[in-house]
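Each in C-alpha cells, the structures are laid out below.
First chain A sits with chain B, and in the next complex the same chain sits with chain C.
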Partner chain A sequence: MFYVKRITYYISILVGVILFSFIIFHAIPSDPARIILGPNAGEQQVETLRKELGLDKPLQQQLTRYVSRVILLDFGKSYTDNRSVYHEVFQKFQISLVLVTLTLFFTFFYTLFVISSSKNINRGIEIVNFMLVSTPTFFSGIIIAILTFLFYPFTSFSGEFQSTADVLYMLPPALVLALYPMAILARILKQEMEKLNDSPFVVCARAQGLSELRIRFEHILKNALIPLLAALSNQLPMLFTGAFIVEIIFSLPGIGSLLIKSILQKDFPMLECIIILNGIVFVLINLIFETIYPVIDRRITKQYAQK
Partner chain B sequence: MSCSRKVEKTTSQLIIGQESEPERLSPLTIKDPQTFRIAWQIYEGLLGLDVNGKIVPKIAESWETEDNKTWIFHIREGIKFHTSEIFDTPDKTRIVTAHDVLYSYTRFCSSEAYPSFVITDSIKGASEYNAKKVDSVEGLKVIDDYTLQIELNKPEPFFINRITTPWIAIFPREAENVKFKDKWGLQIAVGTGPYQLISKTDNEIIMGKNADYWNKQKMPKIEKLIFRIVKNDQVRFMGLTENKIDLMVLPNKLFSVVFDSERRLNDKYRKGFNLKTISTFNTHTIGTNIKKIPDVHLRRAMFYGTNRHEMVEKTLYGYGDVMGGITPPGMNGYMPLFENIFNPEKAREELKLSHYDGKEIELLVHDLANSEEIGQIFQKQMRNIGINISLTKLDYNSNIVRMVKGEAALFSMFFEFVFSSPEPLLINLFTTAKIPVPNFWQYSNKNIDKKLEELRYSSDRQESVAICADIEKEIMQDAPAVFLYRQKYIVMFSNKFRNLKVNAHNHYMFEELEMAE
Partner chain C sequence: MHKNKFIIKNGIFLFVLFLISSLLPYISSHDPLAIDLDSKLVEPSQQHLLGTDELGRDVFSRVTNGFSTTMRVALLAMLASLVVGIFLGGIAGYFYGTWVDLIFNWIVSLIFSLPFLLIMASVMSIIKPNIVNAYIILSCIIWVGPARITRAEVIKTKNLDHILAARAFGIPEWRILLFIIMPATVESSFTFSISYLPEIIGLEAGLSFLGLGVQPPYPGLGKMIFDGLNYIYSSWWLVLFPAMALFLAVMSINLFMAWSKRDKPDIA
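Here is the complex of A and B:
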C-alpha cells in the first residue's frame, strides 16, 4: 500500500510536469513558425507553417495532441534543424548520466575520506569544505580546465563514448561538478556522526568492547545515513540540468548545455522534452531513495504505516 | 576543451577551434555562420565568389541569358559526389547532373528551406511551390543531363548574384531517401566540395581531402580538417597558444589580450601566429519603424547624431568600416555615400525641425553581435543631442517577432548578406512589396519602387550599380535606418600554415591553405 500511494503521488507529479511544460511554452508570447523560418521568410510562408504545426488550432486540441504524443514518447522535431528531439535528448542524457555517475564517485570517496579522517585534521577539512562550497563553479571550472589543458593527457572528447579516453576526459569536469555536493554531503555526514558519537547505543557498543572502526561504520554511519541520503536526493536532480556551466567550460554536449541552447533558440519541443525528462529523473530518484530509507531504518515504514 | 588525441598531428592536418556545437549539416536548415564554416567545405553551389568578389564558376561551368529572364546553366561534366553509403552503386558515388540541380533548387524553394528567400521571389512558380499550391517549380527545367534552365518571374540581370553563396548548394536526391533521412546532416553529408565528411559528433567533425575533387588546380593541400568544439573563449584561445588548435576566430573580448597598444599582434604571439582580417558582406544597423517614427526630421537627427566611429572603437577595437548606407564596402558597386556622416550640429538642426516632444523611444536590443553595447552607446549619443532612448533587451528570436509585427520603434539588427551585388539587396529591403519582411522599416516610396524596378532592365552592370548608389543615397535622405558599420573578423592561426583565403560570403576556402614550410 505504501508503494502504491507513493507511485500514485509521483505519477500525479509527472502529469503536472507534462501540463506545465505545455502551458509554459504556449503562454510565452512567441511565434515558433517565425523562429523556424527566420527573419527573412515572408508572412505567407510563416502562416503556412503555423497551420502545419497546428498552432492555429484551439489550445485544447493542441493539448490533446501534445499529451497523446508525449505518451508515445514522440516529442517531435527540433525547431532549429528538424532533428528528432527524443534521440537528441536521449543522446545528451547518456553523457550527463556518465558525468553525474563520476561526480558521485568523487563525492563518495571524498565523504569516505572525511569520515575516516582523524580528529586532528578536522579543522583543515572544515576550511577545505568552506572553500569548496564558496567557490563558484565558473571559477573552479576555468581553473581546472586550464590545469587539465596543461597537465592532463586526456583533453578531448569525441562526442561519444568511443574509447576509455573519452571516459577519462570526463574526470576533470566531474570533479568540478562534485566540489559542491562533496563538501555539503561530507559536512552533513560528519556532523551527524559527531552528534551520534555520544548516543546511548554507541556508549553501549563501546562498553561491549567493539572496535572503534566497527562502531563508526556499523553503528554510527548506519544511523547517520538518512540525512545524508535526503541531501543527496535533493542534489542529484540538480546535477543533471545544473551542470551547464561545467558542460560549457569543458565543451561537453550534455543535457545542461542543451537546455541553455534550447532556451536561447526558443526550441520549445526540445525544452518540453528536457523538462519532462527532468521530472522523470526527479521522480525516479525520489522513488529509489524512498525505497532505500526503510531498508536502512525500518522505523520509517512504521511511520508511514501509522500515517 | 581540446587537444590532439584520437587523430595524431601530422603535417597536413588543420585543427579549427569552433565556438559552438554545429547544427545539422543539411543545406536546407543551416543558418549558423559557424556551421557554414564547416558545411561549405562539403557543399558547393552552381557559382561561387572569389576573394576579390568576382563570380566564379563552380558546378555550373558556364551560363547564358538573352533576356535576363531565362537563364541557362551548363553543368560541368564529370563532377562526382563524395563517396557515401547513400549511393547504391559499386563505387558508392555518382556523377552530378542537371537533375540534381533541379532537385536541389526545388528543395530550396520549399517552405522547409531556411534560405528559400534567396530564390523564391525570383524563380517562376517558386512562391506557389513554397505555399504548397503546386507540386513542382514551373521555372526550373532540365534541358538535358548537363543543362538546366531557370526561368524568372521578371528579368534580373543580377540573378547570378543571388546564387554565389554556397548556401544554395547542390546535394544528391538520395539524401532524403527514407532510409537515410534521419542520418542526413548528422552522420551523413554529401556534396561535391574539396573536403568530405569522415565523422561528425557534437564535439568533433573530421573531414578528409576529396581525392576526386573536380577542380584539379584547387586540390586541397591539407589532408585532414578537424573542427573541434571548444565553447569557452579563454580555453579555446589557450588551445591555440598551446598548439592544440591551429586556427580560431578571435572573439572581441580577446582583442585586448592579443593586440598591443598599437593594435599589432602582441610580441609573444608574433613568432608563432598569423592574423587574417576578414571582410564579409555584413552590416550592423539600428532600424527604425517608420510607422512608429513618421517624423523624417527626427529620424535624420538620429542618423546624423550617431557617432559610428565611437561604436567601432568601443565594441570592435577599431575592426569595422563605418557605413552610411546598406551596401557594405567591397560589394560590387560599393560607393561611399557620405563624407561625414556624424554631424551633431546637423542632427540638432534636424531635431529642431522635428515634432519630437522628449518622450522616450524604445530600442530593442538582443544577445548577439554586441547589440546591447551598441544600444547603450546609441542611447548616450542620442541623449547628447536631446533624444531619450530606452533599451529593452530580449533574446534574438523575440526581437525578430516584435520587429516583424511592427511593435518596436527602433531595433538593433545585423545582416550577413547572401547577395553579392546591391540590386537584389535594395529590392529586398526597400520595396513596398517587401513590407514587413525583410523591409523591416516599413519603408514605402513609390519613386524608389519605380527606380528599383527599372534596375531589372538595365543591361549595363556598371551603370546599374551606379544607379544603385544614387537610389541608396535617396533612400538615406528618408533615414529609414541608422546603418552603422561593417564588422571585420579576425582569424588567428598558426604560422605553420599560409595562404588562408576567406571570401565575402565568409566562406573559408581551406582548399587553398598550404603548409608554410
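Here is the complex of A and C:
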C-alpha cells in the first residue's frame, strides 16, 4: 500500500514536469518557426514550417500530441541542426553518468576518511569542511583547472570513452564536482557521530573492549547512515544538470553543457527533453532511496505505517 | 526578548552587507565601462589594482560593480522570497490537511524536482534577459524554501493555547493567522533564508554566467568569469578575482551564520 501511494505521488510529479515543459515552450507565446529560420526568412516559409511543426493547431491538440510523443520517448528533432534529440541527449547523458559516478567515488572515500580519522584532527576536518562548503564551484573549478593544466598529464578528451585516458581526464572535474557534496555529507556525518558517541550502546561496546574503528564502522555508522543518505538523495539530482559550470570550465560535453547550448540557441525540443530527463532522474533517485531506507533501518516502515 | 534580539542581529548583518555592497562602486578608481584599447590585458599593477580585461577595462572597478549588483539582487530576492514564503507557507500550514495544503505541497515538490537554475534559465530563454527579470524569476522560485519551513512551523503552533485564547476573544480568523501565527514563524524562516543566501548568490552568478543576468556592457561576476575562461592560462586575473569576490561573499555569510548559531545551537 505504501509503495502504491509513493509511486502515484511520483507519477503525479512527473506529469507536473511534463506539463511545466509544455507550458513553458508551447503555451507562452513565442515563435519557434521564426527562431529556426532566422530573421531573414520570408513569411511564407515561416508559415509552412509552423504547419509542419503543428504549431498552428489549438492548444489542446498540441498538448495531446506532445504528451503522446513524450510517452513514446519521441522528442522530435533539434531546431538548430535537425539531429534526433533523444539520441543526442542519451549520448551526453552517458558522459554525465560517468562524471557523477566518479564524483560519488570521491565523496565515498572522503566520507570513509572522515569516519576513520582520529579525534586529534577533528578541528582540522571541520575547517576543511567549512572552506569547501563556502567555495563556489567557479572558484574551486578554476583553481583546479589551472593546476590540472600545469601538472596533470591527461588534458584532452575525445568525446567518447575509447581508452582509459578518457576516464582519467574526468578525474579533476569529478573532484571539483565532489567538493561541495562531500563537505556537506562529512559535516552531517560528524554531527551524527558526535550525537551518538555517548549513547548507551556505544558505551557498552567500548566497555566490551572493541576497537574504536570497529565501534565506528559497525555500531555508529549504522545509525548515522539514514541522515547521510537523505542528504545524498538531495545532492544527487543536482549533480546532473548542476554540473554545467564544471563542464564548461573543463570543456566536457555532458548534459550541463548541452543544456547551456540549447538555452543560448533557443533549442526548445532539446530543453524539453532535458527537463523531462531531469524529472525522471529525480523521481528514480527518490524512489530508490525510499526503498533503501527500510532495508537499513527497520523502524522506518513502522513510522510510515503509523502515519 | 531573546527572539527579537536574534532577528535584530541578523537584520543588522544584512543591512551592513547591503550598505557595503551599495557603497563599493564608489571606491573604484576607474569607470567600469571605459574601454582603453592601449592597455588591454595588463597584469595587476599600481595603476590597475587587479589588471585589465581584453578591452582594457579596469577589472577592479568591474569586480566591485558586479559584486554590488549581485549582492543587492540576492538580498532583495531573499527578502521578497521571505515575504512570499511566509505568506503562502502560513496559509498552507493553516489549512493543513485540506486541498489547499495538497496543492501547495504538490507545487513545492514540483519546483524542488527540477534544479532551480534549469527552471530559471528555461524561463529566461523565452522572455527578455535582463537584471530585473532575473530578479523577478529568482524570487518566484526560491520562495519554496522559507514557505516549507513556515508551513511546518504553523502546523506546530496553530493549536497552541494563546491562539485558542485569541479565538475565544472572537478575533477574526484572518487576523489570527496574519498577526499572531505568522509573526511567530518569522524567526526560523529568516534564519533559513540567511543560510540560503550563498545559494541565491550562486544562482544569480550562474544566471549571469549564462549571459541571462546583467547584460553587457554592465559587469556581472558570472559573465566576467565566463568571458575570462578564454584567457584562463594567459591572463589568470580575469577569472580569479571575480571568483574570489564570490568566494569572499559566501564565506562571510557562512562565518556569520556559524557565529550567530553559536549561542543558539538548536536552530538548524
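Here is the rule we use: the second predicted complex is superposed on the first by the 304 of 307 C-alpha atoms of A that agree within 3 Å, B and C clash if a C-alpha of one lies under 4 Å from a C-alpha of the other, contacts with A are read in each partner's own complex, and residues count from 1 in each chain.
Keep in mind that, in the parts below, a contact is a pair of C-beta atoms (placed from the backbone, for glycine too) under 8 Å apart; a residue touches a chain by one contact, two chains touch by 3 or more.
Worth saying up front: this structure is predicted, and the values here are computed from it rather than measured.
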So if we stack both complexes on chain A, do chain B and chain C clash, or do they fit? clash
I'd like to know which partner A:N278 touches here: chain B for first, chain C for second, both or neither. second
Where does A:P58 make contact in the superposed view: on chain B (first), on chain C (second), on both, or on neither? neither
Considering only touches as defined above, state whether A:S84 meets chain B (first), chain C (second), both or neither. first
Looking at the overlay, does A:I146 come into contact with chain B only (first), chain C only (second), both, or neither? both
Of the partners chain B and chain C, which touch A:A41 in the superposed model: first, second, both, neither? first
Tell me which partner A:G209 touches in the superposition: chain B (first), chain C (second), both or neither. neither
Could you look at A:I260 and tell me whether it touches chain B, chain C, both or neither (first, second, both, neither)? second
Please work out whether A:S134 is in contact with chain B alone, chain C alone, both, or neither, and reply first, second, both or neither. second
First (chain B), second (chain C), both or neither: which does A:F250 touch? first
Superposing the two structures on chain A, identify the stretch of chain C from 1-9, 37-45 or 253-261 that clashes with chain B. 37-45
Dual-contact residues of chain A (chain B, chain C) 30, 142, 145-146, 149, 248-249, 264, 266
As the complex stands, chain B meets chain A at residues 1-6, 20-21, 23-24, 26, 29-31, 111-112, 114-117, 127, 130-132, 182, 185-186, 201-204, 228-232, 234-235, 238-239, 242, 244, 367, 395-398, 400-401, 403-404, 436-438, 440
Complex interface listing, chain C residues touching chain A: 106, 109-110, 113-115, 117-119, 121-126, 198, 201-202, 205-206, 209-212, 222, 225-226, 229, 232-233, 236, 239-240, 242-244, 246-247, 250-251, 254, 258
Given the complex with chain B, which residues does chain A contribute to the contact? 29-31, 34-35, 37-45, 48-49, 52, 80-84, 87, 142, 145-146, 148-150, 153-160, 162-163, 165, 169, 248-253, 257, 261, 264-266
Residues of chain A touching chain C in the complex: 12-13, 16-17, 20-21, 24-25, 28, 30, 130, 133-139, 142, 145-146, 149, 237-238, 241-242, 244-245, 248-249, 259-260, 263-264, 266, 271, 274-275, 278-279, 282-283
